[in-house]
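I've put the structures underneath this note.
You will see subunit A twice below: alongside subunit B first, and alongside subunit C after that.
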Partner chain A sequence: MSAALEKTLPPAQDRVFDEVLLSVEDISLSFGGVKALNGVSFDIRKGEVRAIIGPNGAGKSSMLNVINGFYHPNAGSITYKGTKRPKMRPDQSAKQGIARTFQNIALFRGMTTLDNIMTGRNTKMRRNFLWQALHWGPAKAEEIEHRAVVEKVIDFLEIQAIRKTPVGRLPYGLQKRVELGRALAAEPDLLLLDEPMAGMNSEEKEDMCRFILDVNDEFGTTIALIEHDMSVVMDISDRVVVLDYGRKIGDGTPDDIRGNQEVIDAYLGVSHD
Partner chain B sequence: MEFLHAITVEPIMGIAEDYIFFGEVVISGLLTGVMYSLVALGFVLIFKASGVFNFAQGIMVLFAALTLVGLIDFGIPIWLAMLLTMGVMVALAFVIEYLILRHLVNQPDIILFMSTIGLAFFLEGFGELIWGANVKALNIGIPEISMDVGGMLLNSFDIIAAAIGASLVAVLAIFFQFTPMGRALRAVADDHQAALSIGIPLKTIWVTVWSVAGIVALVAGVMWGAKSGVQFSLSLIAFKALPVLILGGLTSVPGAIIGGLIIGVGEKVAEVYWGPAVGGAIENWFAYMLAMVFLFFRPQGLFGERIIERV
Partner chain C sequence: MAIEFQLDQEQNTARAAKTVQKCCVIVRSDQCIVPQKSGQKTKHNRGPGSAASDRLTFDSTVATCFCNKRILGNTGSKHTGDEAGSRRNESAAAPFNSRAHATFSYPFGFLGNFTVTVSVDISTYNTFPKLLQHNAQTRGAMPSMREKALGIWQTWSWAESAKEIRALACGLKTLGCGPGDKLAIIGDNRPRLYWSMAAAQSIGAIPVAVYQDMVADELGFVLEHAEIRFAIAEDQEQVDKLLMISEGKEPLSGIIYDDPRGMRHYTQDYLNSYDSVIEKGHAYDTANPEFYDQAVAATKSEDASVIAYTSGTTGRPKGVVLSHSNVLKSAYNAAVRENLQETDNILAYLPMAWIGDHIFSYAQSYVVGFCVSCPESPDTVLTDLRELGPSYFFAPPTIYENLLTTVMIRIEDASWIKRKMFHYFMEVARRCGPKILDGEPVSFLDRILFWLGNILVVGPLKNTLGLSRVRLGYTAGEAIGPDIFNFYRGLGLNLKQLYGSTEASVFVTIQPDGEIKPDTVGTPAPEVELKIAENGEVLFRSPGVFQEYYKNPEATAETKTADGWVHTGDAGFIGDDGHLRIIDRAKDVGKLNNGSLFPPKYIENKLKFFPTISEAVTFGDGQDYVSAFINIDLNAVGNWAEKQAIPYASYQELAGNPAVYDMIAEQIAQVNADLTKEENMAGSQIHRFLILSKELDADDGELTRTRKVRRNVVADRYKVLIDALFSDQTRCDFETQVTFEDGRTDTVKAEIEVRTVPLIDTGAASMNRHAAE
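After this line comes the complex of A and B, so read on.
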């Protein structure tokens, strides 16, 4: 990608990740007769940028939905922060520090940028809602504290100018950025990004890459992302897992993946004669 | 010509001649308006938290009033009967979440809307099955005497009812506009899936909001029931709430209040001053006509959120 990007990335060999944050083992998921995922296993290590790639319909988004609890796998197990996780609802996984963005932006369109990002603080709010209703005492102090975090996120993403704009009115690239902001406001341990750069022009893509790397760098947030743009994936990720028709066909560093014959076949198509 | 004269000049002369009477008309309109707001508020609450127009709101008003009267008939003291009915409405919210809403997460709004139609039929039948379909009087002990305020004759019941309604409305407005819980409710209304992903428990939100809507329905049922008896037609005041919603905007608590007041005053004033010229009964259709005019010029209502759609 760009020179600016390479500067923010320390040389690959200096980035070592030992501690496993989340691992999925033998995950299978089917919708009726369609097998979306078939015995997929991989892990995500603390502090890394992990890319999930694959052709359309490979099961990438399904995998993300399994991780954050929208889908419950038919078989297999998920271990998060060292404990095997039972069937979990998305709001529970959010409370445990998994935040995400969506392929088709899912923002609260009628609310302002500020309010949208503020909702990201939801899991961190402790006072019960009677206090909140009265907007009094401890709840008020808490609101101020949350607001400070949100301001930091807004500064970080350079979206001060649109803080009071209803997000429905913003251009696509900015909406993606606000959605990232909402996820960041939760101060997640694991950030799942579903095609964060889809539909962006090259300038917006570069901005987004920079934000992703900065998040990883400054806050140490572990990131798992789905992306179609290969040059982006190869540039920003530490390790890549490749899915095709619901199966895992490759797993390793970007260099490993580049040379993996099965991956090349999946992307370019191969004749079976 | 004569008709024009009757609907333009004569009302103004009438107002000028007897402004104390005009004051009485306006105030009684305001008091009725608060009661309309109360009913409209139930709709707004549920619409804000689930993006669903709750067709069953009117029936919930009737159901709450029927339950209250039924309990009082058992000889339970009024305050206890009130608390018990509140309990019933909260229980109803849990049942609705468990049996209906939970299964319809992320479905199109129209599906949720249809389910509330089903709910309306069920509650209507269920309420009458248990409590019977007779007209019942409801006396909750609010005095009903005429008072002289600055030369105007006002009914004490109307004033007390309006005061109760107004304070309830104020509390809810503050709750929605300025608290994190209110923000969570708005988030759920916008996008179920996104709300779940940031850790908002849909279940809690839905139960809360249906409970509050149930309690608002109870208050509306008590006020209207005490005024005109508890009977099936009580559920029809929900129709009066529709123009209020169109005026105020479906998503706005303050809108429900202002809308209710405008309709209340508008229809009373129109009835008194235009009634003679067009043969009366304006009160029955004035609200709907006003709503239609609004739909032409400001479909999102006075305070509703503009619908923004990018192409």
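After this line comes the complex of A and C, so read on.
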């Protein structure tokens, strides 16, 4: 990344993370005969940027879905913020501070950017459906509060110009940004990003990296991201987990992974000069 | 005695008299006229000792209310007749603080405004800091500045702005800024940056605004040349630029940043957040309460108030030093002439470094008291324009052209009935609109159609563009195409041209209402003297003339004569109607080998009137015929290509397409036909042209930051192509360097077609052709 970017973060060696935010132990997940995850264990520390990489079909998205509560593992356990989580639904997961984005974008196409990001505030809204439908008194006051937070997110992501545009009309890169905005609006402790840079050119990737790093830096959010672009992974992540055919084959800092022979064989490959 | 209302110059007198009588007059006041719908007399009580019947009488453009009460507030209510109240100046001659605001509607949907000419005594309040204090006292509750932040418009009144500026000024003092120091201002239009101008001026420092899209090299030059020690930057990007420039050199004594995003890990101690500076300022102010007032009182009107660096078309930029008096007088005179009011509002979207923005969004705001609004971000300017509905608007011709092109493109995609309605009513508007604006007679049927068009097409269109409430629209900087000009005037927009320069504190000539033509730039502004030298160069003298070019006495002596006349460098003449007409830059006017006059800009403007041509550079001095570089407009030509089912993947590909060449050749033929009809111009027809594969760009040094062509740079860099134009090659290989926005460079190769256009046969043209063959 550029020199200016390096200035904004303390040097990599100084980034030490002690507190474990989420740890998965021995997770196994099968869909019928297909074993998507096979005894995977790793942890994510508070405040770090954790990358999950691996070839296609390695089980990365499945891993994220397990953390999210979307899939329930057949074996193994998840410990989040010190407590072992029983079977959780995605909405319970969200209420506990986990937010995510999706690989193929799951925004509400007919709604505007503003409304989409507002839906991210749903878990924080206290008034129930009837109050909000009437849009009266306390519900109105609450919406104004939430709107302020959403506007801050819009300002943070620099998408003021498309505030009122229906999301279906936006170009792909901007839709991804809006999705990130929706996840941020929930003020999560753990942000799961599923291939945030997919389909972007280098300029858009740099922008997205900048936002991710800013989120990590300014809000202290822990980030777990799945990514295929190696330069991005090596540059912005603190630690990396490598999966292959549902198994974990590598876990450590980017430098460790770069040198790991098994990882090189399975995924990184060797350059033939 | 009477207080006179000055009616808006848009209405002609007889009509105004008739319509005001018929309308409902609501005067903002707690002591004046009671509104009555369609009454011919409006009665109001005036308290003890007043005459029984009071009337509004009309005498030419003046409506006299026989009332000696001060007229101020809002919502017409009964005249309470407080004789003990202010008996303010009764005649219009002496300046007075009263203001009346009335709105009335007259037939056919126009809304007119009449108000008292706002006057402020600029001999007492002769510097901007003093004006600021005056505004805070006399109109403290009125809005002075707006910014859209977090999706809503935040407003600061004059009193609030004055408080912020006071704190900021004291804060600057704590950083070590003092009289004579320069403060660089770099960023988009933000209220805090405008406030920093006033804050700097309050303590005797001089603000120097720079273009926010300057590359580090240009910025470095200005910082060094102006000996700038302090800077206020909008955000991290600008701060990084400043830090990059001072690498290896003595850093600036103080940098203030407005947006704290991304700034947490910067360790330099001369970096200060805006909020921290305000805090320090408050503390200093509390400890030394007399400091600020004394500093403001000490500002003198001959002191330098701003240094504006002109984007030089030749060589390095020059720092134009303008005093408070220069800027104030120029702003004041224009405001009086155009009858600006404190209820006006303007959207500040043009670069702060440009002197025009300084005059419109800063100087005139302080003089007249109107509100300046800053858009949310450069991307949202058009939506913000629409939300705001400003009453006072300036844009260079390209923006008007782009707006028109966007409208035309979108109309093409509309349904059949809408297209038909649009074209029909736009034709009606084009026919009658300018006449109605100028108060000329229009037939009854036309008026009905115009009114209908207003409701169905023109009104909604203006609303979509955000121009519904524009009372006064200016354009300057380049010639504007007559079609475009008439389009906007047809919409009912009072668009006029003005001519000026940084060295004049903007205003040299302004087109007066009622005498608007597309090919003139107007009559001299108040207190401006104009004369044409023997070689055709335009000279002017006015109280707005700059003091000097900073640290450049030779250039100053070249431009300003001993008795204060300034050489503009433009060739022009004054027509019989007293209007100035500009032909070209005096230096650029050349001669063809056969003796014909060659004014490159004149021809280029004709070419640029087509929406498909965004920029053109012509060559011909010392040559046998005229040839041209063309830059196509991607929007307009792209749209055309889609309609023709011509595929293209990039600008370069579109620019090389033979069908596009055919279309451009046709347009050039039209220009040639126009030229033959004009005196002395038949010889300047364009014979050969080519379409450049890359747009001319300011980052590559080919254009100035205000988008004027740098002819010598272009002539140098594109020499190969120019030679091809003056030979009989049909194709030419070309390689050039491009600079990306982060400073990296790269080479671009292209093979460019060169096309010949047959010249139109007049005596002179055939001479050309023989010479070429």
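The rule is simple: the second predicted complex is superposed on the first by the 264 of 273 C-alpha atoms of A that agree within 3 Å, B and C clash if a C-alpha of one lies under 4 Å from a C-alpha of the other, contacts with A are read in each partner's own complex, and residues count from 1 in each chain.
Heads up, the rule we're going with is that contacts are C-beta pairs under 8 Å (C-beta built on N, C-alpha and C of every residue); 3 or more make two chains touch, one makes a residue touch a chain.
No experiment lies behind these values; they were computed from the predicted model shown.
After overlaying the two complexes on the shared chain, residue contacts for A:Asp217 are found with subunit C alone; subunit B is out of touch. Comparing subunit B with subunit C, more residues of subunit A are touched by B. Of the two partner chains placed by the overlay, neither subunit B nor subunit C lies in contact with A:Val24. When both complexes are overlaid on chain A, the residue A:Asp115 reaches subunit B alone and has no touch with subunit C. By the touch criterion defined above, A:Arg163 reaches subunit C but does not reach subunit B. Looking at the shared chain after the overlay, A:Met125 reaches subunit B, while subunit C stays out of its contact range.
By the document's definition of touching, of the two partners only subunit C reaches A:Lys152; subunit B does not. Subunit A has no residue lying at the interface with subunit B in one structure and with subunit C in the other.
Note for the complex: subunit C touches subunit A at residues 149-151, 236, 240, 261-262, 264-266, 376-377, 379-380, 383. The touching residues of subunit A, when paired with subunit B in their complex, are 68, 70, 89-91, 94-95, 99-100, 102, 106-111, 115, 118-123, 125, 129, 132-133, 135, 139, 143, 166, 168-169, 182-183, 186.
Taken together, the subunit B residues at the contact with subunit A in this complex read 174-175, 178-181, 183-184, 186-187, 190-191, 193-202, 208, 251, 305, 308-310. Residue ranges of subunit A in contact with subunit C, taken from their complex: 4, 7-10, 114, 147-148, 151-152, 154-156, 158, 160-161, 163, 214, 217-218.
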